[in-house]
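Okay, structure first, notes after.
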Amino acid sequence: MTSELALEFARKIRAREQAVGYWAVLDAPVATERIGRLGYDYVALDAQHGLLGYSGVLNGLMAIDAGHTAVGMVRVEDNNLTAIGKALDAGAVGVIVPLVNTAADAAAAVAAAKYPPMGGRSYGPMRSALRIGPVPAEANATTLVFAMIETPDGLANVKEICATPGLDGIYVGPSDLAIAVGGAFPGDPAIETEFNAALKTVAEAAASAGIAAGIHTPAGEVAALRLSQGYTFTTIASDLTHLEQIAKAHLAAATAAVTTKD
Amino acid sequence: MTSELALEFARKIRAREQAVGYWAVLDAPVATERIGRLGYDYVALDAQHGLLGYSGVLNGLMAIDAGHTAVGMVRVEDNNLTAIGKALDAGAVGVIVPLVNTAADAAAAVAAAKYPPMGGRSYGPMRSALRIGPVPAEANATTLVFAMIETPDGLANVKEICATPGLDGIYVGPSDLAIAVGGAFPGDPAIETEFNAALKTVAEAAASAGIAAGIHTPAGEVAALRLSQGYTFTTIASDLTHLEQIAKAHLAAATAAVTTKD
Amino acid sequence: MTSELALEFARKIRAREQAVGYWAVLDAPVATERIGRLGYDYVALDAQHGLLGYSGVLNGLMAIDAGHTAVGMVRVEDNNLTAIGKALDAGAVGVIVPLVNTAADAAAAVAAAKYPPMGGRSYGPMRSALRIGPVPAEANATTLVFAMIETPDGLANVKEICATPGLDGIYVGPSDLAIAVGGAFPGDPAIETEFNAALKTVAEAAASAGIAAGIHTPAGEVAALRLSQGYTFTTIASDLTHLEQIAKAHLAAATAAVTTKD
Amino acid sequence: MTSELALEFARKIRAREQAVGYWAVLDAPVATERIGRLGYDYVALDAQHGLLGYSGVLNGLMAIDAGHTAVGMVRVEDNNLTAIGKALDAGAVGVIVPLVNTAADAAAAVAAAKYPPMGGRSYGPMRSALRIGPVPAEANATTLVFAMIETPDGLANVKEICATPGLDGIYVGPSDLAIAVGGAFPGDPAIETEFNAALKTVAEAAASAGIAAGIHTPAGEVAALRLSQGYTFTTIASDLTHLEQIAKAHLAAATAAVTTKD
Amino acid sequence: MTSELALEFARKIRAREQAVGYWAVLDAPVATERIGRLGYDYVALDAQHGLLGYSGVLNGLMAIDAGHTAVGMVRVEDNNLTAIGKALDAGAVGVIVPLVNTAADAAAAVAAAKYPPMGGRSYGPMRSALRIGPVPAEANATTLVFAMIETPDGLANVKEICATPGLDGIYVGPSDLAIAVGGAFPGDPAIETEFNAALKTVAEAAASAGIAAGIHTPAGEVAALRLSQGYTFTTIASDLTHLEQIAKAHLAAATAAVTTKD
Amino acid sequence: MTSELALEFARKIRAREQAVGYWAVLDAPVATERIGRLGYDYVALDAQHGLLGYSGVLNGLMAIDAGHTAVGMVRVEDNNLTAIGKALDAGAVGVIVPLVNTAADAAAAVAAAKYPPMGGRSYGPMRSALRIGPVPAEANATTLVFAMIETPDGLANVKEICATPGLDGIYVGPSDLAIAVGGAFPGDPAIETEFNAALKTVAEAAASAGIAAGIHTPAGEVAALRLSQGYTFTTIASDLTHLEQIAKAHLAAATAAVTTKD
C-alpha cells in the first residue's frame, strides 16, 4: 500500500473523521480486491473468526493494496506480540484487537504494535517495509491500534481503556456486547435498552478521550445509524453472510417460476 | 455426494424437469458450502473463467457435498479427456463443456466423459468412487454432459449438436452468444431481437431432441424468465459479481450518512 | 455437519456409550473423507502434532462432513481461546485439549470452548453456524471438551480435572503418559505395570465423575482392549503411520520375487 | 534428487532389471516422503487420476528426493509438451504417459520428453537442473519415457509402440485394459483368460523390443506375480486405497468390542 | 492493474519504444511485488517452465498490480484458448506464447487472446474486468500477444510470423534458439556466429513488420547489449537463478573467514 | 534430513566450531532447496517475521533436506510449547527463539524443545521421526536451542541466559539490538560504539559459558567480520532482500541503454 493512503487514513481516524469499511472473512483475494475498489475507506480481514490463515491475511492485504483505494486492516486472533506483529509485517495499516478487558490489555496491544521505545515489536518489516522507512519510531506513527469492547469487563473499564497511551480507538463487537449486557443472542430485543446504553457509553468514552469509536455492523443502514450516533467508523459485514443473503434472494426470485413436469 | 442426490438430479434433468443452480467462480469452499445449502439444485464451479485451479474444484465439490442438498457440476476449461476426466474424478455430477461448435465437438465431450464402450474415459475414480460402484458402464448413467452453445458455429449447428448420442443437454453462454449474433458487448440492446431469436432456436432444438436446455443468467429474475421461455435449467451467477453488487449497495446505504468533520 | 449427527454424538459421549474414532495427521481431505465414511463415530484431526495448519483443519472438517457419517473433532495445538475458538468455528464438534495439568487448565479449556455465561468464547460462528442456531447458550450444549491426561501433574490431578464443570471427558495420550510414569519411550515394557495402573486410575476417575474416558491407540486390537478396560471412546491412529505400515508390508510381499538380471 | 540415484535407476530399467514402486495419488508430501524411504525403487505420482495439481507434483517430487532412496516418476495427465515438460522440469526421472494408442502417440511422448535434436522439449530446467548438467542432449539420457497400454488400439499396436525410438518401456493400466478386452469392470472374472493373454502379449512385445515392461498392481502379492510373469517393474497402489483398507480393518478389529450401554 | 499503466505499456510496445522487464519463476508473490516496484516496465511470470501453477499466476499478477509501477505479463504454458484465456482473465496485460513455429501458430495465439470478431476468446473477465470496460473489442486493444521464436521452424518462418495480423511482437527464447541453430547447450561458443546471425534475423524481421522484438536475457548487461542491437524489449531472468547467484556469492565472502577449531 | 547431517551439525555447534547459514523468509521451497545445496551449513526459516505459515515451514524443511547438504533451522514465532514443538516436529534441527529477556525465558525455550524429563515437549514426532529413534531422551541430544539477544533486558541478562541448562547458544538480532542500545534505526551510526560493545558483551558471555554465539548479518562480508570477532555462527540474510538487491542492480545495468524513441 502506498504511504499516502495509509497516512491519510491514519490522519482521518485520529481526527475522528468518519470512515466506512468492509469486513472480509473469506480467503478469496480477488473478491477482496474488488470490494476494496468500491470506495470503502478500509477493508478489515478477520483473522480471529474469519476463514483466513496467515496466507489468507497476506494475500488479502496484497489484494486490497492492488485496488489502490482502500487500506487494509486486520482483526487479529490474539492480543500478543506474534499475532499483532505478523499482521503488521504483512502490511496491515492497523489492528483490531479482540477481547480487551482492561487498560492493561489495551496497553499490551499497543506495546505489541509499536517499536521501541513505545512498545516491544520486533523489527523485521516484510510488506510493511514497502510503506515505512527505516526508522521504526516513524513507522509507529502510521500504525493504528484499536481495542475491542465486547465483554462485561471491557464495558466496565472502557474509560480506562480509552485512556491508554498510543491507542487510536476502540471497536465494538456488537454480538458479544449484546451477550455481555445480558442478551440471549446477538440482536436479542429483550436487552435493546441495555445494549443501546452500552453503545452510548462506549461512544462517549471514546469522544471524551479524543480517540475514534468504531463498531461492526451487519448492513449499510445500520452503519449509517451508528455514524449518526457518534461512531467514527463502522465496518459492514461480512462477505460470507452477504453472499449467502444475495444468493438466497436470487433463488427466491428464480424459483417462483420453477414448475415440476407432470 | 450421495448417490441418491446424483441419481435424482440426473433423472430430473433427463426428464426435462426444471432446475435452478448457482455459479461459483471463487475458490472459497465455505462460501460454496453455504450457497449449496440454500436450496439450489446444483452449484456449478467454473474452471474455465473462474478463479479455480484443480484444488479449488476439488475442495469446491467437497464443500457442495458437505451441504448434502445440491449436486456439484463443473464448467470445464477445455473439451478434452484431461479436463473432463479430472472434473468427474473429483466428484462432479456433470460437466458443462465450453465452445462446442459442431456435433463432432459434442461427441468428443461425451466420449471424454463416458467410460468404454460409450467413450474413452480412463478408469481411475477418486471422489467419484464414493458414488459409483465398480462397473464403469453404470457410472456412465449418472454422468451428465452439457455442450455450450455460444459461438456462431455452435448456433448454426445446434440441431446436430443436440442429436449427439449421450449428450444430456445444451447450455447457453449468453455473453458470448450476444457477441456471436453481432452484439458489441454482452447485453447489447442493438441485437436484442437476434439474441432472443437465438435463445428460442436453442431452446427449441433441445426440446425437439428431448434433451435439456440450460442457460446462464445474472439474476433470479432473468432465471425465472428463461424458465418461462422453455429453458430446463438456469444457473444464476456469479458469487464474485453478486458479492461486488451487495457490497456496493451497502456502501451506498452507509455513506449517505458519512460527513467530514470541519 | 448436520445437527443430528452432532447431537447424537454428544448424547452418546455424555451417556458414556462406547465410540471409536480415527486419528488423522495428514492434510489430505479426500483421504479423510473416505475414512470418515467407513463407520467410525468420529475422525479427530490433530492440530498439535499433525501436519495440519488452519486450512488443513478447515478442509478436513468439511471432508468429514461430506461423508455424512462421522463427526469431526480437533486435537487443538494449545489450551487457549484462539486455538479452541478457531477449531470450533471451523465446525469441530469437540476439542481434545493437550497437556492439561490441573483443574484450572481444564476450566480454561471449558471456558475457551463455551459462550458466556458458561465461558468466554467470542461469538463469530463460521462453519459452526451451519449447525447451531443463533443462541450461543444452546450451541454450548453441542460442543464437547476433552482434557488430555498425559503428564505427571495431569495424572496426579485427574480427579480434580474430572470434576471440572462443563468438561465432557478426559483423553489419555499414551506416549506422553508412558514417559510421565517413568518410561524411557512410548511402550517401554519396563514400566508396563505403572502404565496400566495409570490407565486404570484415569478410567476410574472419569467413571466416578460420570464423564467419558477416551484414549489414543495405535491399532484396532488395542482399541478393543481399552474399551474392554472401561474406556468410553478410543481413537485409532494415525493415517500417516498406518500408511507407512501398509506400504511397507506390500513392499515385503512384492520384493520376495524381485531378482537381479544376471 | 541426486544424479546417482537417477542414473542408476535409468540403467536398471534399461537393463530390464526388476524394480518395484509405489503409487501415490494423495497430495500429502510427508506421507510420500516416508513411503519413499521404505526401500521402493521409485514412487510414481499420479497427475492423471490422482489428487495432485501442479504444486502437489512439485512438492511430492521434493518429498521423494528428501528421502534419498527412491526416485520420483510422474504419470502425466496428457500426452503433450506441456504436461510432460512440466513434470520433468519439476524433477521427475521419468514419465508414464497414458492412453497411448499408436506408435505415433508413443513418438509424441518421446518427443515431448527429450530435448532437440531427439525431441522438441523446451529448455528451462527448474528442479531438473539440480540433477542434469547444462547439456540438454545429456539430460535426455537420464529421462525415462513409458507408454501406457490400456486401450484396444494400444494393445493391437503394442509391437509398433515398443519399436518407438527413445521409448524406455511400456506400462499396463490393468483397469482400463480389463475393460479394453471386454470386461464389465476392472477384475471382471469373465474375461480373465483374455486379460491374461493380453498381459502376456504386452510383456512379450516389450521383451522382444528389449525395453522394460511395467504394470500397475493393487498389492504386493500381485506385484510379485507380475514380476514372475516377466514384467520388469510394477507399481503397487495406491496410498488412498491402501489407507482406506487399513483404516477399515482396524475399525473391524476395534468394533468387535464396542457395546452400547443399556 | 490500472488501465493507465496497461494502456501506456501497450502504446509503448506498439511504438517500438524500449522496455525492460524481469522474469519470475518463483511462486513468491511478496518477492514479485517488490521486484515490480523497482522500476521495471513489466514483470513476466513464467507459467511454462516456471514454478507457477494457476494460483501462482493469479497471485503473482495481483502482487505486480499492488506495486502500481510495472505491468504483468505471462509466458503461457501452451498455445491454446485455455492457457491464454486463463492468463488474460487473471489480469495479464500480455502473453508470451512459446514454440511458435509457423504463421498459423502465431495466428492461433492471436485468436486465443482476442475476443470476436478478431479471435475466439470466450468472454468471462475476472481480474481483467478491473481494467477493461464491458466492450470486448475494446479489451482487444489493450491485450498484447508475443510469439516466441526459439525453434528451427520458427526461425525459418520468422517473416511470416511477424506478418500475423494482431501480433504485437516476437520474443526470442535464447536457450532453445541456441540449440535450434546447432548448439550443444545454451551459450555454446561453437555456434556464436550462427546465434548472433539468428538474433539479427529476428530483430530485422520484427523491425520490417513494424512490431516489437523482445528477448530473454540472463543479466542486465546482456539486456543492454540486446537493446543496443535493435531489440525493443528484454526480460532479465530469473528470480530463481539470481537468488542462487547472490546466495552463492555471499557464502564465498563469508567462508573466507571460517576456520575449524583445533 | 539424515541423522548424520544433524548429528554433525549439533556436534559442530556445541564444539563452537564456525558455521555459516542462510536466512529464508520466502515460502519458495525450490529456491530454498537450491540455496541449501550451495554449501551453507544450515538454512534458517523465519517463522516470526518471514512470509512463512506452517506449510511454508514444513515444505521449506523438506526442501532443505532434499538438498542433503545443509540442515534446517527455524526462527520460531513465539517462545512457547506450540510454536517450538511444531517447528521441531516438522523436522527442524534447532530453533532460534526470539525476544528472550531473562534466564526464565531461556529456560522456557529449552523446556519447550526437550522431551521429559529435561523439558515438557509432547511426544508426536512427524518428520522429526525420520531422524530420531523412538527414545525421546535421545532425541533431545540432537535438538538445538538458541535464545535471541535483542532487547535491553536480554542484553542485561545475557550471562544468566547463557547459563541456562540445555541452551546451545545465543543469537543476536542486530536490528532490534541496535534499537535496544539507543539507536534510532538498524545500523544507526550514532550508536556504533554502544552496538559494538554489546556485540562484544554477547560474544564473551557465550564464550564464558562455553556455548555458541550466533548472529544475523545482511551480507557475507559482515558474516566474515562477525566470525573474526568471535561469533561461532552467522546467518546471511535474507532471500527477499537479496533478490531485491540483485534485481535492482540488473535493472540499473540494463537501463543505461534504454532510450525512448523520438
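We call the chains A, B, C, D, E and F, going by the order they appear; numbering starts again at 1 in every chain.
As a working rule, a contact is a pair of C-beta atoms (placed from the backbone, for glycine too) under 8 Å apart; a residue touches a chain by one contact, two chains touch by 3 or more.
Predicted model only: the values in this text are computed from it and were never measured.
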For subunit F, the least number of touch steps when starting out from subunit A: 1
Each chain counted as touching subunit B and subunit C at once: A, D
Superposing rotation of subunit B relative to subunit E, computed on C-alpha atoms, to nearest 5°: 120
Selected pair, greater C-beta contact count between C-D and A-C: C-D
Subunit D and subunit F, separation of their C-alpha mean positions in angstrom: 40
Chain centre separation in whole Å, for subunit D relative to subunit A (CA means): 51
Subunit A, residues touching no fewer than two other chains: 27, 30, 34, 51, 53-55, 58, 126, 240
Graph class of chain-chain contacts, one of line, ring, star, complete, other: other
Contacting chain pairs - touch in the sense defined above: A-B, A-C, A-E, A-F, B-C, B-D, B-E, C-D, C-F, D-E, D-F, E-F
Complex interface listing, subunit A residues touching subunit F: 53-55, 58, 80-82, 85-86, 89-90, 115-116, 120, 122-126, 134-137
Contact footprint of subunit D on subunit E as seen in their complex: 25, 27, 46, 48-51, 53-55, 77-78, 83, 98-99, 150-151, 173, 175-176, 179-180, 184-187, 240
Touching residues (chain side subunit E, partner subunit A) in the complex: 1-2, 29-30, 33-34, 37, 58-59, 62-63, 65-66, 68, 126-127, 130
Subunit A-touching residues of subunit B, taken from the complex the two chains share: 15-20, 22, 26-28, 30-31, 34-35, 38-40, 51, 217, 219-221, 223-225, 227-228, 234, 236, 239-240, 242-261
